Amino acid sequence: MRLKRYTLVAMFIILALVFAGCAQATPEPAEEPAGGEPAGVEEPAEGKVFTIGVLGPFTGPSARTGEEFRTSSEMALEAIDYTIGDYTIEVVWIDSQSDPEKATRAYEEAIVQDGVQAGAINWHSSVSVAVMEVTAKHKVPHFFGFGATEVVNEKFESDPEKYGYWTSKGWPTPVKLTVGYVEALEGAIAAGVWTPESKTVAIYGEDTDWGRSFGEGLAGQLEEVGWEVVDRQYFPIEQTEFYPTLNSFKDQGVALVAGTSTAPPSISAFIKQADEVGLESLIIADGLGWVGEWYDLTGDASNYVIDQIPGFASDAAKEFAAAFEEKSGLQPSPSSGGLSFDGMNFFIKVLQTTYADFGELSKETVYQTVQDKVWTGELTYTAEDGAIVMQEYNFSDPPDPIVGGDYYTFPVLQYMDGDQVYIFPESIAESDLMVP
Amino acid sequence: MTQNSSVKYTYEEQEPIERIKRLAKKFGISPVGLLSLVILLILPFIPPFNQEHLLRWLVGAALIAAQTIAFDFTTGYINVVNFGFAAFLGVGGYTSALLAVNFGISPWIGIFLGVIPSAVLGFLTGILTLRLRGIFAALMSWFVGLALLGLTRNLTELTRGPLGLNAPTFLETASNRPYFYIIVAMMMVTYLTLRWITNAHYGLAFRAIGQNIDAARASGINPTYYRVFNFTLQCAFAGWLGGFYAHYYGILTPALMATSHTVEVLAISYVGGRGSIWGGAFTAFPFVFLIEFLRSNLTELPGLHLILYGLLLILVMIFYPGGVAQVYDTIRDRITNRSPQNQSAAAD
Amino acid sequence: MLKVSEIDAGYGFLQVLWGVSLEVHEGEFVALVGPNGAGKSTTLRTIAGLIEPMAGEISINGDPIGGMPANLVIKEKGISYISESLNLFSDMSVEENLLLGAYTIRDKAQQKESLAFVYDLFHRLAERKSQLAGTLSGGERKMLAIARGIMSNPDLLLVDEPSLGLAPNLTHDVFQALLKLRDQGVTILLVEQNVNTTLHITDRGYVIEKGQIIMEGASKKLLNNKHVQAAYLGI
Amino acid sequence: MAETALKKRSPFIEFVSKATSSAGLTIIFTIIIAIVATVVAGPFTLLNAIVTGGMWALLAAGLSLVFGVMNLVNFAHGEFFMIGGLTAYYVFTPISAYLKENPSPFLTALAPFAGIIAATIVGALVGIVLEKLVFYQLRKRTKEQWVMNSFLLTVGISVIIINGVQIIWGTNYKGITSYWDAKPLEVLGVFISVDRIVVFGIAMVTMAIFWYFLQRTTTGRAIRAVSQDETGAQMVGIDLNRIQVLTLALSSALAAMAGASLLFMFPSYPTVGLKPLYIAWYVVILVGLGNVAGALVGGFIVALLQTLTGYFIGVTWDDVIPTAFVMLILLIRPSGLFGSEVKGVHEQ
């Protein structure tokens, strides 16, 4: 009897499984992508829908950054009420989970299953490089991906015809920006503000394209001006124990410890433990300020730490920050929330231009606009358009944005008691380099 | 003369059928299984399964199905859980991908070359776990898996570590249908080979070792040979399937080799029924569809599908250790045994 | 005191006992003898509650205990069971083993008393009280097992093959110890293969073969039985 | 007789015989390595190994105990660690926010203990619920292949807990700057935060209490009795169910306590338990399953190994090298360096 009952239960489970499998078989066109706007907003009369994908690490170690992408993208789209012409914009949130393979699968699914026609944003370079294959395969233009490193550029240039669908980067290669650190430090040494015993540096970083590209880029630039790189340590993105590494740096007596991590727990643990073991070197922690709550995580251990992030300077930017915080309860960081807001708005501008030119939104027309207008520098996005972080986003030399004072630039700053103090470039510097 | 020829006629009539039956039995082909295969093969043309995203799920399901076949070959027979299974998958995948990237070797050849390191490592692991029993062998294979994962992550010069290794795909097509037939063919090769082996005297030896290694040894079975053979073969197939993974998804990261991937295969294989070879494969299709359905529809609740995984595994383990395979056997036995009984009952 | 009526028992699908019945009265020293694999140990294990009987009933002082888990049988019915494999805690000291024997007694004073009684009975154990049980010699281990069994002040002691694997002189010691206990008023059911010695020291005996009791009676009588003589005494 | 001879040996000879046992050799060897490392790399290696080792010991002791007593190979042990951290976060953060508004040096010093104690209690409760809901159910139904089956149950439990926590509390990192806001202390020229020192103290005190409980109390003795001989334990009247509930509760409480104590270093997020789980396993395999006291030494050895690997080779390798080492141990001495034959090794 008992056996019979179990048989029944098990058969029921199997049947349920089969039915669930078949249930999916009937496509549900009216289905809303999760997290999108409420279904009521849609205008049923028009019924023209353009589906875009927003790629980001919505779960996983960089989920906090993903959260900022999501909020700022929503804010940008809400401003146009999810409509461009007679098109309703539908958003599919593509979760990269900070993993190239998962991102690839998710992106491909978003294209074939949800009908994504164009994409925007992205965080890691490793994800970019992997996903470029998908965008190339399905000929879906992707805009303003944040994966910054050379590998993305190299892949883009290896076959612009094919990989051009990864149309633009929201972040230039690290080397273009790290030069700011080198200039700031060299300037301080020349001015006698900082007198390191020896010009030795230890490089650290998360073991991703970003971490390695940043580390090697900076190492090369430092070596050029006479620094000696005595150690290199790259660690898994989820690493939180750095005592051995830091003690080894300490024992080597390096003057400078420079590197990056995009994962807040990791970089904050690094800073805290550096303070704990009494590391006396000056620390460059690129990315510490990328989350709004950096001071909650590190406390005063972050004093004197050098970082390079843009700020919310203009009134529009401050307005954005306030609105952002109200919406999500998170403090936006200029480099993820702010930049992605600008990126999304630029993307909307591209879509609007496409619609004006062709009267039709499709992956082909959007890509045509990118080729005709964005890559030629005809279509840019400037502070006058509403850009809040940079003066002007210009992709006339794709895929990187044009870097420079009037375009895209990151100032160098130091943290002190929870505040950011700009130290470079001189035009905005509030203080000299501070040495403990 | 006529009599003679008619006798000859029936003899000829019977022989091929018997032979086919015998052959079918040898390779574990049953009418139901054949029917399932036929359904599976025409599925990509039947709406709604002809849509690309459902085809993707079908490919994913078939890949898991093939893996559970290889997994059960060891777990269900010699009773050793290879907890580092995913790592061997990764070894095969990485090998094939690296050969393609660095030497331009076609994926079609690469996936077979990928079998070699997987099999060698499987052979070594088989030897390593030989002295250990039950859970200790599982732990050992787990550690081997972890070590391989760690190496893959750290040998960045070779594997690009967490940056992910791009592998060329088999075909330059956006369609998933050809891939489906490739993986179903691979699945069938896996099934037929392993079934053929377990239906031969090897199967008996495996089971004997799995149940009581000392008793098996006492009755003249050499456990060393059979265990190592089994392990090597399992890992070889894992490596082969890993090659498909690499050239289908086009990107490999060390995450593929993580324990969670093994757990996935293990769960489906156990729900399918240990020691059946086909149980896990059969279960994989509805299971993967359910999981994917939940995952893509419940993005508000990420991970709910995995909870279901765990729950089902626990429920099956506690309440119905035989899994799906046992359900099938029970039903089949009912049908074959009951029908005459029912007739007599009706007569009463 | 102990009444076993018509029990069937076994392991999984393998049935070992077929309608076994026996009785032990207060203060008696009863033997259960038979060849290897006849079901002697299974009978004891079933009485102790380690195996659930498939049919039949076991009662102590009139209360049925069938199906009760071992630890409750021991705790509530005052039974102690000493298995043939002893089941000592080999990584614990002799004294810890003994104290665990008195696990069901929460009264510390009573525990001490039992301990003193046991040490008095087995001087060797007193000498080796801090030694690990696993390092004891075979004879000492048997002593310890018996001593642990009586730590809980049982009314009924079930002893399984205490002579197994022991040299004759040690066997003698063990049996002497059991006799001493009997004299203290403990009821004992002893399972043995060593039929001769057993029947000489016990009051009554049962002979079990192939899972069934085939004979019972006073030990002296059984010693004179032809079948017993032929099968077990080699006469 | 051999044992009489052993008894009459002089203390010196006994010391020598102990020192040349594998356990003794390991300890001596470890001490030598520690000293050499201290000379080469500075006292930091030693101090870091000691401070970290204390926590690993706490984690491993529970894992070891549960194997010894219940024959349960717990794959979900890391999840107790994670639950501990989560509980401590949700208890400690509001209290510390409140104390920022209403400063009180005394309460500020005590607040972290509230978090850690709450975590310990929650951990114990989770253990009790799991034993009643899952393991007891399996034990009641089948005892065949218990080790393997129960292990797979823990795999399922692990998946459910990880994803359940992810759904309810999200994947975000829930961490704190530090428990005690104080300048790091200087020991032998090495700076160690107050958090790490206090937490080390907590680990040591807990281990001492735990050891006393197991060695000197009736219940503790009963727990050890069950681990050494289940039937024997039943024979003396020990209620197995009660001991099993207690053991799992203790084990999960210890893991949760470790998770809570290390919150400042391991922010709580769903998959944080994986690394602590590996480490606990390394320790347990090293000293032998079921050996609770050895966990202390094992914890230190593993921490030393990690520290040295991190210092000399690089932090990415601090998984791979210990894995390889533990594999070696498993190969040479499956029962661990300090272990005698443990039950379960030979169970199929």
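Going by the order they are written in, the chains are A, B, C and D; count residues from 1 in each one.
The working rule: contacts are C-beta pairs under 8 Å (C-beta built on N, C-alpha and C of every residue); 3 or more make two chains touch, one makes a residue touch a chain.
Nothing here was measured: the structure is a model prediction, and the numbers come from that model.
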| item | value |
| --- | --- |
| Interchain contact steps from chain A to chain D (minimum; 1 if touching) | 1 |
| More contacts between chains, B-D or C-D | B-D |
| Chain whose Cα centroid lies nearest the overall Cα centroid | D |
| Centroid spacing, where centroids are CA-atom means, of chain C and chain D in whole angstrom | 41 |
| Euclidean distance of C-alpha centroids - chain B vs chain D, Å | 36 |
| Chain A and chain C, separation of their C-alpha mean positions in angstrom | 76 |
| Chain centre separation in whole Å, for chain C relative to chain B (CA means) | 52 |
| Residues within chain B bordering two or more other chains | 153, 302, 319 |
| Set of chain D residues in contact with two or more other chains | 166, 171, 316 |
| Multi-partner residues of chain A (each touching 2 or more other chains) | 59, 207, 236 |
| Which pairs of chains touch, using the document's own definition | A-B, A-D, B-D, C-D |
| Contact footprint of chain B on chain A as seen in their complex | 3, 6-7, 9-11, 13-14, 17-18, 20-27, 31, 33-35, 59, 93, 95, 99-102, 104-105, 108-109, 112-113, 125-126, 129-130, 133, 137-138, 151, 207-209, 212, 236-237 |
| Contacting residues of chain B [partner chain A, same complex] | 48-49, 51-54, 56, 153, 156, 161-164, 166, 174, 249-253, 255-256, 283, 285-287, 289-290, 292-294, 296-300, 302, 312, 315-316, 319-320, 324, 326-327, 330-331 |
| Residues of chain A touching chain D in the complex | 59-60, 63-64, 67, 207, 233-236, 239-245, 247-248, 251, 264-265, 268-269, 272, 275-278, 296-299, 301 |
| Chain D partner contacts - residues on chain C that touch it in the complex | 48-50, 69-72, 74-75, 80-83, 86-92, 96, 99-101, 103-104, 131, 135-137, 148-149, 151-152 |
| Parts of chain D lying in touch with chain A, wherever the complex brings them together | 41-42, 44-45, 48, 52, 166, 170-173, 175, 177-178, 181, 184, 186, 190-193, 196, 264-267, 269, 306-311, 314-316, 318 |
